[in-house]
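Notes to accompany the following structure.
Think of it as A, B, C and D in the order they're written, each chain with its own count starting at 1.
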Amino acid sequence: MKDTYIKEFTQIEAKNPIMVEGLPGLGLVGKITIRYLIKKLSAKKFAHLYSPHFPYFVLVNKKGNVRLLRGAFYFWKNENGPNDLILFTGDSQSQTIEGQYEIADRMLDFSQKYNVKTIVTIGGYRMETKDKPNVFVAATAQELLARALGAGAVVGSSGSPIVGTAGLILGLARFRKIDALCLLGETRGYLPDPLAARSVLEVLKSAFSFEVDLTGLNDEIAKAETMVTRLQEIEEKRALQAEETRKEEDKKITYIS
Amino acid sequence: MKDTYIKEFTQIEAKNPIMVEGLPGLGLVGKITIRYLIKKLSAKKFAHLYSPHFPYFVLVNKKGNVRLLRGAFYFWKNENGPNDLILFTGDSQSQTIEGQYEIADRMLDFSQKYNVKTIVTIGGYRMETKDKPNVFVAATAQELLARALGAGAVVGSSGSPIVGTAGLILGLARFRKIDALCLLGETRGYLPDPLAARSVLEVLKSAFSFEVDLTGLNDEIAKAETMVTRLQEIEEKRALQAEETRKEEDKKITYIS
Amino acid sequence: MKDTYIKEFTQIEAKNPIMVEGLPGLGLVGKITIRYLIKKLSAKKFAHLYSPHFPYFVLVNKKGNVRLLRGAFYFWKNENGPNDLILFTGDSQSQTIEGQYEIADRMLDFSQKYNVKTIVTIGGYRMETKDKPNVFVAATAQELLARALGAGAVVGSSGSPIVGTAGLILGLARFRKIDALCLLGETRGYLPDPLAARSVLEVLKSAFSFEVDLTGLNDEIAKAETMVTRLQEIEEKRALQAEETRKEEDKKITYIS
Amino acid sequence: MKDTYIKEFTQIEAKNPIMVEGLPGLGLVGKITIRYLIKKLSAKKFAHLYSPHFPYFVLVNKKGNVRLLRGAFYFWKNENGPNDLILFTGDSQSQTIEGQYEIADRMLDFSQKYNVKTIVTIGGYRMETKDKPNVFVAATAQELLARALGAGAVVGSSGSPIVGTAGLILGLARFRKIDALCLLGETRGYLPDPLAARSVLEVLKSAFSFEVDLTGLNDEIAKAETMVTRLQEIEEKRALQAEETRKEEDKKITYIS
């Protein structure tokens, strides 16, 4: 395997498909979003993407089976709307600059093969989040941008970068006459963040008018909040102890004078 | 030398060969395993693998002779069983991601040339080991997995990665219609670990029904244990001294009050 | 996008063009210089340079529009003098060695297409600067060097390197029979430095006999000075506090004896 | 410049040439050795080696002239002996693994063009040296090894690596049917070490029976010794001050009790 390549194992018939991409990144927002869509829509896997630019290890499942790191494309036949969906997620992003460009390019080749006219990329945006995380939007086309703004997304501060595949796909899409939109959910970023994913999904649903029930994320969100609370308690306890230790040592010394 | 390549210097006639791979890694488990097999079976070297992705130095032997870092293939004619063995070990793994993929690919090309249907890769698995280290197994085929489990290996925890050539060969093998099995011996990992290698060899013998006397490893195992004990003593002494120094300093200060 | 490439979107007719290059680097001297020239001369953008060796992120503007990192070529028709100008600046330098060489090579290919005989590269030179920063000069041709010296530039100390695109273009230009000159403005380097850029522009104007009003930089220079002064005050205050803390602690201890 | 390449600017007629290589490395032993030979033998430069794997900066000389990092080949017509010499030195080694292999390969291509049958590579070997540094030898051919041993070189400890071009040339030479010898002068390695270079030159002269007066190195050696002595004094003074500071602080505290 000298180059990134995509292996299809099921033929699909896609009607005006939109591709939605979400790879691991800040808060795993992209990956959580796509995995939730796959599950809720019962989308079917139809292709894998392999690359010699992924990290050089393999994954073992609980039965002892092994596989390369890879990306996977899923297909959802939209019976009630104008656009079928091609969903993409994976185990990892490329570890090299050249690999990042190559993988984004292969994904765009693949999009063109299926006549994809619109790509949405999903990621996280590092920020101290509130109860209701914002969704930041960037796009290569005014029409797409307007649609996301209409669905509640906001424009971020100028000059901010979008790192990795979610960004490069937008940058490279304009050379292919494909419109692309990026949705970034606000997240602290160091833990999987289903709350940010839900915010992104709300924008996505509304902007592209399809139905997905999001209540299935509530459990994950509750668990994540418990985790954050527990980590904060540990952190506070640690800070308190450090403070007391400091006071103890101060006493030892100030006794002297 | 622009790419990884394999140079054969002896023609072999292999009967249903199994390839067994073990490169340097955690606890040198893979390399110790293969070297022991080579010695005990009097396997004959018949090919070298060179790569511009190995580190850029050469090795000097005690006579002042020099050679590139390389891998080496050995052949063992199995007079009493159905499968000849091709053994592979070497000086180093690739230092780059792309090199790791390239080397695993060249090894699979080579396997196909000799009609290898089964590859076993050997490595270490970092863990605080007991007297009898476990051997973790992963495989691309149920039949191989079952064979290793029957020989005493166990399945590790889900999601754990297998890093480097031992893993990538499994990941890439399925594109070649070669079955592959990985055996990882539990090891602390920071010292050569012949005990872990013996555990792996026991599984290997039993799973593939060939005879090798393993008592020859006992001396190495005893030496390694002495080494570990000595290091632990040094570590404990150091901890004790640090503790005493701390107390001394505490006294100086607490005298004051 | 497998290689660096240049995309022209406007045809230009250049008369004995000189190319002037300034990418981000120490004190942003190169980029500030080129941007000022573009603005003052109302130069027109006519081509972009893209490369898979730039960092793998995209930039978002305040309207939410996205673009790849890139370089840009601007054209200025010189109505009153013998040489038109092609100005080049961009978002970033290459992140890899091989990318640095490739980008400099593509820029030289492009120069040859437009029959450029002289290239000037602009950068910063790290040094504690005075009121009037020096401009250091290096060149591939005596005639160019003399011209810059005549315009007030000085030769730096022997053996000093010029890092990045500004240097490589000079190194590679001689294989293309293009003369090249590098002007480096003295700068502390850690903040955008319009004062250094003005010094470079003065040499450039005088050496190549074209008119640009530089007073437009005065505001930026004043702002940068305010910034430096403020940073120095913060630094001094911090040093003072550290000193006092030290004295306080000394007292605690020396009370004892 | 996509690949390493060699540009010849003078035609040479070489009689049974031996190539001697010395690039920057530990104690600059290789480079000092080759530069001394070039000067003493009045060898003539006839070719340059350029590579996109060298660091991405250019050098400026005291006149303000600029050049790429490069290697240079020099030719010495040996009027009194059987072997002409091709000497090679340069500014830098490659910064990437693949570049190291590529450069060594291009040098071997070039050697074959001139029918070179023997290559000698020079470097340093890190060690606390004595008055008379040892010269360690490694070779691809017994005859060459014997010659160096006869000239006073010694074989180092087994398994020690030779890093960089000096080593890779030996490792790759055997695929070209070229014999190669490596001479490593003992050096502390952190300062230019002409004493180690002289030891290497003594072995070289004697092993290949040609005359070079080495007294020209005496001045450099004396200067280097002065430098080492001065550094040691500074180091000792610093240690002494640290010791006194420690005692002072101990007093402050022990006054207390």
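Here is the rule we go by: a residue touches a chain if its C-beta (ideal position, glycine included) is under 8 Å from a C-beta of that chain, and two chains touch if they have at least 3 such contacts.
Which protein is which chain? UniProt says A, B, C, D = Proteasome assembly chaperone family protein.
In this text the structure is predicted, and so the values were computed from the model without any measurement.
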Mind checking the rotation angle between the two copies, chain B and chain D? C-alpha superposition, nearest 5 degrees is fine.
90
Call it same or different for chain A and chain B: same when shared residue numbers make up over half of all numbers used at their interface.
different
Based only on mean CA positions, could you tell me how far chain C sits from chain D in angstrom?
37
Rounded to the nearest Å, the gap between Cα centres of chain B and chain C is 52
Where in chain D do residues touch two or more other chains at once?
253, 256
Chains as vertices, touching pairs as edges: which of line, ring, star, complete or other describes this one?
ring
Which pairs of chains touch one another in this structure?
A-B, A-C, B-D, C-D
Within their complex, state which residues of chain B touch chain A.
94, 97-98, 100-102, 105, 137-140, 145, 149, 155-164, 167-168, 170-172, 174-175, 180, 182, 253-254, 256-257
Interface with chain C, chain D side, in the complex: residues 1-2, 52-69, 95-96, 99, 252-253, 255-256
